[in-house]
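What follows is a group of structures, each given as structure tokens.
Next come two complexes, and both contain subunit A; in the first it sits with subunit B, in the second with subunit C.
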Partner chain A sequence: MKYLKFLLPLAIFLVLVGFLMRGLSLDPREVPSPLINKPAPAFALAGLEKPDTTFKRDDMLGKVWLLNVFASWCVACREEHPLLVEFSRMKMLPIYGLNYKDERIAGMKWLASFGNPYEASLYDHDGRVGIDYGVYGVPESFLIDAKGVIRYKQIGPFTPESIETKLIPLVQQLKKEAGI
Partner chain B sequence: MTPTLRVIAAWLAALFLVIGLSAANANEAAPAVADPVLEARMLAITAELRCLVCQNQTIADSHADLAIDLRQQVRELLQKGMTDQQITDYMTERYGDFVLYRPPFKSTTVLLWVGPGVLLVLGLLGLVLVLRRRSRMPEDRFDAEEPEGPQDQAPAA
Partner chain C sequence: MIPEIGHFSLWLALGVAFALGVVPMWAAARGRADWMAMARPLSYVLFALVSFASACLMASFIRSDFSVLYVASNSNTHLPLQYQIAGFWGGHEGSLLLWVQMLVIWMVAVSLFSRHLPREVLSRILAVMGLVSVGFLLFMLLTSNPFDRLFPVPADGRDLNPLLQDPGMVFHPPTLYMGYVGFCVAFAFAIAALIGGNLDATWARWTRPWTTVAWMFLTVGIAMGSAWAYYELGWGGWWFWDPVENASLMPWLLGTALIHSLAVTEKRGSFKNWTVLLAILAFSFSLLGTFLVRSGVLSSVHAFATDPRRGLFILAFLTIVIGSSFTLFAWRAPTVGLGARFALFSKETALLANNVLFMVAAAVVLLGTLYPLLLDALGMGKISVGPPYFDSVFLPLMIPTIFLMGVGPMARWKASSVPDLASRLKWALGATVVCAVVSGWLQGAIHLLATVGLLMAFWIFSSVATDLWERVRPEGKGFTEIRRKALLIPRALVGMMVAHIGVAMFCLGVTMVKTYEVESDVKMAVGDSTTVRGYSFAFKGVKDIQGPNYDATRATIEISRDGSKITELSPEKRIYRVQQNPMTEAAIAPGITRDLYVSMGEEVEGGAWIVRVYVKPFIDWIWGGCLVMAFGGLLAVTDRRYRRKTGVAV
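Take a look at the complex of A and B:
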């Protein structure tokens, strides 16, 4: 009982330190998306390079695919882009680009100079599709399964580690689920 | 009129013309707030929503591109006749409860809402227990220590 007077504040202090330590390793900028395990929002967008072709969400049904949001004005995209180009060479799944709030010419030039990992790029000039997908910090990527359900969202650029440890195993799992 | 005066008069006339024209243009820019009622509703809704880019600002306050787009989106949704609740739902469907400055009461937020109240009750309970125990102590427990602790007394005025 006598020691309680000293031990109790110490215990409370240690619990507090524990919480604060945990807080250091959390990233407040990473907002969990409510779209995980929900059907990907529908869209119908013109292509970036081919303005007269339309891409719809339902065109992708039956495929496991990655939607990567990028823009020529986005600095972090430049960091991520070589990794995507390299990843696309593995031909694990089709990658589609969502050219977010960009100018057509700038987006095309950007792809021409940094490489084009995309099956096709969709041109979201006014950012409406971006809003539907809850995009708030480019680059972002959505991994969508064969049923059209979003299974994973990467906020911010992929790193070699996150591609290796998160993306690739998940793609393999989703392809197995779909029997591809 | 001397030639110099005439030149000055011409310049003044040109100046007034330019001012007049820019004033006319300023009037043309007004439709940005064509519907003050709608704008007020939009601001009331977005003042409750957190901007995801600058996370400590509301969407109403922020100058981030996304916030500007979302304000426009809210205007359009209001024009379509959506209610405030429907618009708030529209935002949480996309960005999660994180966008709400007033988080909803549910299983994951119980600690957030109830925590302060529970702490207050626990504190009061502790205080009552300590006071009751002290009131049951004999008087001399307090008197005996008093001469040793003059620093606890209020300073003389």
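Take a look at the complex of A and C:
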């Protein structure tokens, strides 16, 4: 028994190795979402900059649009943001921001200093809508088609490649489907 | 030719490292003095070969040899020379070579300065370091060779990531790695002692200066990285709890615990098992950090581009090194005696509590860093753990640690009386409360959290002052007596006091910035001005300028207070020509009691700009405190008892 406690570090370490081993075969940026091909959860949220306007999911029906979850406390968002700003200039589709678990002022300041690619930003202070959408890491983005169905989910920041190879072709396809 | 020669010398180095890992180890087990004598020459040869390979890579960078893939990916002909040199460690392959380079520097230092060690001990130590370098050389040669050629040869390189084009890049990685890898020495001493069964006070005395030096480098390296993030990223933050930052913080926490534990083992012969475990852990966490950065198991802003083979290799290496060390520990530790006994209230207990607190702190950082991975591996979904977690678990651990920092140095070995301690520290406690409240009031508001932080900072200041006063208190003769007594204080002790003052400065800086910083984002056109905390920032205009490899828009902002001009700041928005990335160069007017920080956001209509202005009180104390801590370490390693034994000191 006396010897057992000295084996403890080894035992803990081996458990850790097991996890790290498993971790190697997982991609931290790729997660299948159960929401793909399901209708986007309904929401009604106040705008970030305009607290008295309300945005609802159904306002968006008929449009192909992108919902991008961001927060001023999110480090990875800063990496993604310039790309989104650039992408928004192409005017392929409206991008809406979901300001997730953030303070209103902080979110607005953040957009002011890093650029605002959004048509409008929705203010999800308590993260309720985020939960409905299954947001677990920020940034995340949802591509929603004209019928209000989620067709693609990007976990983590977009990269120039993922915009080029995944997002743009998919947007074009969805627009064609909807006949826009 | 140069890259091939460099590549070849790495293979030779692998062979030599293998010989160094095996022959002296075997010879020490058999007591063969003739073979053990090979250990030191082999370590010199290994050092020469690795340094030669590094020189070859450096030469390829300076000559802008874009036929080398690694050079082509991290350099460019228009890159200023200092960044071409820093491009050496701008990517995965080169930073591995830097890792090995640092390892062999430490190895050669051990060879040179530890000649007085018993031959078996020195042979085992060098052999362990040889084996570690085998692992890293193999890793480099099999999965990440920095000398791989690229054909067809590109006309120009892809350039060093613009974020890295900063003086910080020249100094931060080598310093950090020097510290990170330096724990390998303490590790090698520990393994050698476990194998040889000579885990005693002498072993602790040998290990101490090495650990302290590695810790100094790590402290300075982390501080540099943090200061760099502060002025380069343009967000005004200084610590983000990013996995890679955590990877350097964990060895630091364990190294700090190790330094304290070694003191007990040397002075009292106690805590041997703790000390040896900490020595193994500190280096294991350095390796684990390397794994986290290189394998891509976590997403981080620092992580290098990844290749699954690399992750697997380094995990296997990690398992062999750490697994065998812990096995050795489990086998040998039960036979190690407990050392001198001590009472519940004693310096030993305070230091034991320090060890436990630092280990728990390292464990919570590890948990926070790996939690996303653990949940993911268990199929429980993905999450990200952010600053709220770390802030809320770290602070409660630091409060008792810092409380003990005041009590520990004043407590006596073996047994200490609580009423005695309390009466010796009562003035310190009073001064702490008064200073904390007054300085909060001077800053304009008293917040609960700020008061806690200020109490912590002033508690250290005043307890160190009390400790010092007790040591120099004159018995009648006044000033000359104070001087005489002050000169008698061993330098190691002065080092400890200085390092603790550094912690106090750090606490003060963190508290002040967290609570009292003022931030303002304003839209400014030429002629506009804004006032933050009494400082008036006037926007004088923008002009376009050309750097060596970037084009920039530079704003001029004049800062004045009460109508008199203090300084002019020129933040920039740069576009680096090769990679076309926009970069924000913040401009900072540093000061002892506050930094004025200005960075540029986007241009808006009519030539106006979004300008972000911060007044950050006492922020430089954060890094100043780290430098003072490291300076305390320097004082401690230059203590007379290391100098007298010619050699142990570095």
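In this text, the second predicted complex is superposed on the first by the 151 of 180 C-alpha atoms of A that agree within 3 Å, B and C clash if a C-alpha of one lies under 4 Å from a C-alpha of the other, contacts with A are read in each partner's own complex, and residues count from 1 in each chain.
Quick note on the criterion: a contact is a pair of C-beta atoms (placed from the backbone, for glycine too) under 8 Å apart; a residue touches a chain by one contact, two chains touch by 3 or more.
A quick note: this is a predicted structure, and the numbers were derived from the prediction, not measured.
Contact with subunit C, but none with subunit B, is seen for A:Leu26 once the two complexes are overlaid on the shared chain. Residue contacts after overlaying the shared chain place A:Val17 against subunit C, while subunit B stays out of touching range.
By the touch criterion stated above, A:Asp132 is placed in contact with subunit B alone, subunit C being left untouched.
With both structures placed on the common chain, the touch criterion links A:Ala112 to subunit C but leaves subunit B unconnected. In the superposition on chain A, A:Phe6 makes contact with subunit C only, while subunit B stays out of contact range.
Comparing subunit B with subunit C, more residues of subunit A are touched by C.
Looking at the shared chain after the overlay, A:Leu35 reaches subunit B, while subunit C stays out of its contact range. Applying the stated contact rule after C-alpha superposition, one finds that A:Pro82 touches subunit C and leaves subunit B untouched.
Subunit A residues 28-29, 31, 136-137 lie at the interface with subunit B in one structure and with subunit C in the other. Here subunit A touches subunit C in the complex through residues 2-3, 6-7, 9-10, 13-14, 16-17, 19-29, 31, 73-76, 78-79, 82, 109, 112-115, 136-138, 155-156, going by the rule given at the top. Contact residues on subunit B toward subunit A in their complex (touch as defined above): 52-53, 55, 65-66, 69-70, 73, 92-98. Only residues 28-29, 31-35, 101, 126-127, 131-134, 136-137 of subunit A touch subunit B when the two sit together in their complex. Considering their complex, residues 235, 240, 242, 273, 277, 280-281, 284, 291, 295-299, 301, 308, 311-312, 315, 318-319, 322-323, 326-327, 329-330, 333-334, 370, 372-374, 376-377, 381-384, 386-387, 521, 523, 582, 601-602, 610, 612 of subunit C touch subunit A.
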